[in-house]
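Have a look at these structures, which come just after this line.
In what follows, chain A forms one complex with chain B and a second complex with chain C.
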Partner chain A sequence: MTTAPEREAVPSPGARAAAGAAGAMPAPRRYHAAVWNEPLIMELGRPGRRGVFAPAVEPGIGALAGDPGALVPAAARRKAPPALPELSEWEVLRHYLRLSQQTLGMMGVSLFGTCTMKYNPAVSEALSRLPEVREVHPLQAEETLQGLLEVVYGLDLALRELSGMQQFVFQPGGGADASYLQACITRAYHDAQGELSKRVEVITTIQAHPCNSATAAAAGFKVITLPLEEKGYPSLAALESALSDRTAALFVNNPDDMGIYNPEITDWVEAVHRAGGLCFYDHANFNGVMGKIRAAELGFDACMFMLHKTFGAPKGGGGPAVGAYGCSERLAPYLPGPVVVLEDGRFHITEPAGGVGRVREFIGNFPQILKAYAWVRAMGGEGIDEASDLSVLASNYMGARLRRVPGVTRSHPSISGPRMEMSRYSLETLTRETGVTAVDVQNRMTDFGIDAFWLSHEPWVVPEPFTPEVGETWPKEDIDEWLAVLEFVCREAYDDPETVRTAPHNQSVHRVDSAHLDDPGGWATTWRAYRAKHGRA
Partner chain B sequence: MWRPSWRGNDERRKMAALLGLLVNPVAGMGGRVGLHGTDGTSRLAEARRRGAASVTTPRARRAVQRLAGRDIEILAAPGAMGADVMVAGGAEGRTLEMQVGPETTAADTQRAARLLADAGVALVLFAGGDGTAGDIVRTIGQRVPILGIPSGVKMRSGVFAANPEAAGELAAEFLARAERPVAAADVVDVVEAGTAPGFPGRPPDVELRGQASVPSLGAGRLPGPKSSSVLASSAAIEALCRAVAAELSPGTLYLFGPGSTTGRILDVMGLPSSPLGVDAVQDGALVGADLGEPAIVELMGLSPKTKLVLGVIGGQGFLLGRGNQQLGPAVLSRIAPEDLTIVSSADKLVALQPPLLRVDVGDEASFAWATGFQRVRVGPSRFMMMRVAGAA
Partner chain C sequence: MASSVDALRQEMLAETGAATIDELFVQIPEAHRLGRPLELPGQLASEAALRRHLVELLGRNTSAEEVLSFLGAGCYRHHVPAICDEIVARQEWLTSVWGTSSSDFGRFQAWFEYASQLGELLDLDFVGLPVYSWGCAAGHALRMAARMTGRSTVLVPRALDPERKAVIANYCGNQHLERHLDVRSFAYRSEDGRLDLADLAGQLTEEVAAIYVENPNFFGVIEDQAQEVVEAAERAGAEVIAGVDPISLGVLAPPGELGIGLAVGTTQTLGVHMNGGGGAGGFIASRDEERYAREYPTLQVSISETTEPGERGFGISLFEQTSYGAREEGNDWTGNSVYMWAIANAAFMAAMGPRGFAEVGSSVLQRSHYAAAQVASVPGVSVRFPAGFFKEIVVDFAGTGRRVAEINGALRDRGIFGGLDLSPFYPELGESALYCITELHTQGDIDRLAATLREVTR
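And then the complex of A and B:
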């Protein structure tokens, strides 16, 4: 086993910043994860052990309350108690504390591209924990929810401002869910026009998020994918050859993950509209164009924002997601209910008569809506515009340094010039010359306390890909630290490839043998399956 | 950390995972000295004269090092054809009983492949290039899956891992499986006349040499596209082929061009296919196999409607390459544009750089109707728009 190189002294963050400013890469920080040989929770505890022993119900109260079990419908009642682990409260706390200590904790340097990893302000977390937020129920009378409904309505107005759309809903539980909603609304719209039997094709691009094609297919559409061509995006000619009276919609993002903005997008939208199709703008990569363009002004009929990435609400391990879906006046009648409207100075919850029905429960994940609203109010229009500039600037700073790292190339190397808020890079040269793959480098970087980078969505158009995204919140010294670790690992790949290939060495878990990950004989998603397949008592 | 005990699979896992190791010690030697291959004794002599050293041996050793210490039994071809590398790589195993001379030849590769297959190996891990792959596939077809350690001059066939280490890892993972899923992959070679790597403005023409069976370990386990190969995504291909087979119209004559994907459609229908030829199907029956152009034209005359199903030859995106003259102008000029179906895995299309499909049928005008953008079917309800261009 190899460990990260020891250093005599760890420079202070200020010293590292100064080194970065002077153009020299700071040396990688020494790091080692906590290691607890922690059993599964099902293997802990003893029969009869409890966290809390509740006092017996007093006879008078018991008589008044009746049998609490009777509150659960008979069909929903278990015949036998569930086989839960039996532990004391502190054993549970210790177990999960140890597990949390074995992770990087989402507070390392995470430039996990396509996900726009932003700092989630503590004040937003505090707001979402207020009793007025935490202890309400969506079925409460609307007059008791006026403050919350005002937040929903206020965020709706802000997103209208950023997109030019007529109305937003926050029901979808993520970006893919919003894409599915678009597929449902496409279906409903063409049905209302009497053309659904004919319009069965959704067009997308090879670099759109896979959820665009997947949700279109799930809603019953055929999917036609356009390949990237010499300019780094599909040609208008390819789109036009795919268009016909069978076209239902175009699902597209812009810029794509390569950071190349398609400047012909208004021609695309016009061509699709001429063919009778709808245009949906997946704003997965909104960070680079915030305040610069408005989807409706480009001609789009609908768009989607992810509150959990662009709008400062937590994503990934941090909490539930919201795909905010907005559309033009033409499509608004098909929005799923309930929607929040303002009438006579009061907020009301209404059901659109022609809506497509629920895609999720109620008005969506309210704590996320609140955090996004807090972010929008804190940033303001000018702040959002400036954040966009910063994210593009930081991305290009990083790109310029990345291309000096041995073994690294940028996607579409023939296309020079700056990219948007992120780009995709390739370790193909490194792999060819050293046998070390992008996954090996990813693993090795975690040895220095750096979160693993994102590779690429499928399919891999760029070989051995990695996709860092800086956004506007990471300071220069963090970007420099990230770059220094990447460069260290790439150089190490040439000098000592075995150490990189066998990484991680400083993590709580070493390389996971994934050979059986897609072998149904080894899967175990429940304790029962685990015992059956792996023979552990 | 604990490791799973795999009790449930113990029985199956006790079956010895036997790996055949086959090295073509002279493959790849031409590349470093400016030859476009090392096939044939005269070119090998020329490569030696120019100072070439074995490329495959050290690369094969890098792959074998990934097998050392694992629960894998190796059966290696003798001497420089495998056993030497096995020992140098620190792995253990047996050596195939077979006589070889001091200079190995294509015939030795073919004989070793046959003996390994007869010995019941679960996988032939070979070191070489397209020529070596062609020799192996010509001998054992799809009887035994193969996996290439990329070490030749040309590696356009879909049987090579991204690099030697990846080949070793893929082989080990494949052999460790209780079930060993495979997919079909095209083995191609570059047509020599008038082509050279780097020939300005025109990629080399490729010819299909046959279909191999390759390990299919899921998308996340495969080398990235644009590396020397893409191993097929078997589930998508399977769904695609079943859908095409299910949708064939009665009374229509279907011509299936060469390639592994079109071959799989015939498989699904329970029909034999000719790997390098054109087959004709009507109403679920094979009405012509490995047809020449006159026979195809004659069949077309007997049928009210003819549809053409073409696959894409991996590597250079040829729909119709040289050597497939049976689908020449006389046939193509009689096909209506809406009666052409192109099938492919999405991976194969994504790997094409530039993203073009090519035709080279001698008479460009006869296929002009199919140039420009065409829909390529990549799944039951998925398509990719691809530009089709002449070979020039």
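And then the complex of A and C:
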């Protein structure tokens, strides 16, 4: 087993903290992930062992209903029982606790850019576990859902204030789903105008999230992707040459992941509107502009906020999430139901008559909507504005420090000046000089309890990219620790590249071999497929 | 906010070279700036005040724990073992997003165990990470089948959840645009609620990419003509997509056993609370064949090895065909989903085991049949499809002369949530409602329903 190289004397935890408080670069933390060498759940247990029991059927029910097997037509009966493991409750709990311990999961410092990692208040989690949240059915009568509807309505009002939009819905199950909703509303809008057969193009930029172009394409549109130019964003001229009477909509983010704000965005919106298209603002990168700008006043027809990023709801390692979708009065008739309205002091559910129906069943991920509402109430207007200030401050503090780290450069080096709440950096120099890649550095940093950084969405416009974002949660001490580890690893790349290239060394397992996972003979997404392919019974 | 401390702000600001924080926003033209403070409700800075406010708001909801609820229709109240809640509350996977396959090893293993156990229930070998909901899974699967066959018509049951149907409609697009799918419905037999094989066969042209069949169907009726559907589809060169609620699979035949190669369904019934509809989740699964695998829009976790001989690892399969890898050239799109619920699902399936699934399946069968008998004993009330159902029954109130809306209102006054009113969606069923009976409904609950119905329809 490979181990981390011997480092110089390990400072005590207290000494590390004191050095950090004094502004000195803290030494990398002593860290090792839990290693349980835990079998698969399917390899555990014994035949006949039981975990959870269903409530026993009362004799009266059994007598009347009879043999359950006889209640299923023969052709529809299961023949062989599923080969599930047989375990006690404690074994199941302990197994998954061990797996959770083998997940670094933001117990370190996670500056995972584009995702705005922040603390998810424990009080919101506690509230989301109340029966009035968990044990509520979405199709209950309105009068039994007044609390849910008021939370939805209250958050709707707050997001209207943050965006200037007319109406929000929370049905989309994530940012990509909100983008798909925009594609559906674009379809419905132009169809209603009788222009859909002509307006078949959606314009986006190479710096927009892949879901923007992918959802537009899935909805049936042709996608035009504008490349970046010397100012760090596509030129207005490039946009204008792409516009025509075929234009259905523009899907764009601003600022982009480089932290570049397109100051011509209002001209863009005007140009798209002149061409008859709609403008959708993907507010994935909202954390640096909360309270600073409003999508409606920039001219946009619709926008999207991610409650699991900006608004303090947890990410759950990839959902449940919410892409809150808001639009102007012009597009409101096309919204999916249910829409919550307040009339005569009561909250009601309505279905827009010409709306797109549903992009997902029901009203949305209510626990996450609740947590976002709680976040807005806990922060207040001033707090939200301050969070943007701190995010942009921290990003630029980090940027100033990062540019002194050997082998690191900032995206668009020719563009000086501050960036927004995050920026993208490159390890191209490091890779050229040492052979160590961004992925190697990412893996090696986890050896010191630093959560993996985000690289970049496809395509990699910046070579060997990494994209840290601090947000308002992480204090300067954490940023400094993160920077110290990055700097340590970059120096190590020059001194001992092999150690970095073979990282991680302190994680639950070593680097995973993914080379064969795109081959039918190599992939196995289930244990039964693996056993079949490897000749194991 | 930890960096609100003034000294820290100053230290950071000094490093940036800017004199004020506002200078850092220099990229945003003045004309774009809001220029006034946000007008939001007053800040509730203390946890106590925030909690009090929200407890008061939420108190205006009535939960299914306070009353007796018979609502189902795509969102179900099954028992959620306490360990499922305990496990998904773990900070390591609650609050974080995504690490490397080494630093997130435990989560990758949990996801693989989700897929592996679901594969056992379904009798299918290839399972993707979950999608937003059952309807979204069905939409994606229909599009997969269209790409696989190069055809653009899909057949779906008339007996289909209206919520799911609306989602499917959106996934199938618009006739004016490319990649549009023509959605046609096949009938159910009015006498027993099962799919109408003759109607299905009549629509099964060479244009048909897929037949989507649910079991049990929206009315709770168990479909027992899978073999006939599979054979008809094979003759026509179409795919069959099964839609299933996995909680039924301890007693009902799984898609794989029925010779169906592609399946979708809900994950909510596997250890996830209703959450006001926020428990929704969906899966896509298939045979482990390249023709299916290459069309998945989702990420998949595959078992693998690490650089250390003998050490097990997990990685992502077929990333490049997703929108993350290929943008608009990918299969549909993917993004944040309901991955945390997949961990609850994994724990649930492990805690249940084969006997647990058999037990809960039998219990639901017996209880729903008991309920059907009790409800049908009420004068004027009948069960529309009185044999061969699972968990849900169509209760017909025609003989009472009352409307479902009226009856549900009266039930609500007596602490009972009646079934979903079907009359807006299925006028041919008259004043009918879809009642859901799970393992949580006791004999006393069902007797109380029957007695109350007797009272309110008198």
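Please note the rule applied: the second predicted complex is superposed on the first by the 481 of 537 C-alpha atoms of A that agree within 3 Å, B and C clash if a C-alpha of one lies under 4 Å from a C-alpha of the other, contacts with A are read in each partner's own complex, and residues count from 1 in each chain.
By definition in this document, a residue touches a chain if its C-beta (ideal position, glycine included) is under 8 Å from a C-beta of that chain, and two chains touch if they have at least 3 such contacts.
Since this is a predicted model, take the numbers as computed values, not measurements.
By the document's definition of touching, both partners, chain B and chain C, reach A:Glu458. Applying the stated contact rule after C-alpha superposition, one finds that A:Ser213 touches each of chain B and chain C.
In the superposition on chain A, A:Gly535 contacts chain B only, with no contact to chain C. With both structures placed on the common chain, the touch criterion links A:Ala284 to neither chain B nor chain C. When the two complexes are overlaid on their common chain A, residue A:Glu161 makes contact with chain C while staying clear of chain B. Once chain A of one complex is fitted onto chain A of the other, the partner contacts of A:Pro55 are limited to chain C, with no touch recorded for chain B. Once the two structures are overlaid, the count of chain A residues touched is higher for C than for its counterpart among chain B and chain C. After overlaying the two complexes on the shared chain, residue contacts for A:His510 are found with chain B and with chain C alike. In the superposed pair of complexes, A:Cys327 makes contact with neither chain B nor chain C.
The contact surfaces that chain B and chain C form on chain A in the two complexes overlap at residues 213, 217, 221-223, 225, 458-459, 509-510, 513-514, 516-518, 522, 532.
The part of chain B that touches chain A in the complex is made up of residues 1, 3-9, 62, 162-166, 172-173, 176-179, 217-221, 223-227, 346-347, 349-350, 354-355, 372-373, 375, 378, 381-387.
Residue ranges of chain A in contact with chain B, taken from their complex: 37, 206, 213, 217, 221-230, 234, 237-238, 241-242, 428, 431-432, 435, 437, 458-465, 501, 509-510, 513-519, 521-522, 532-536.
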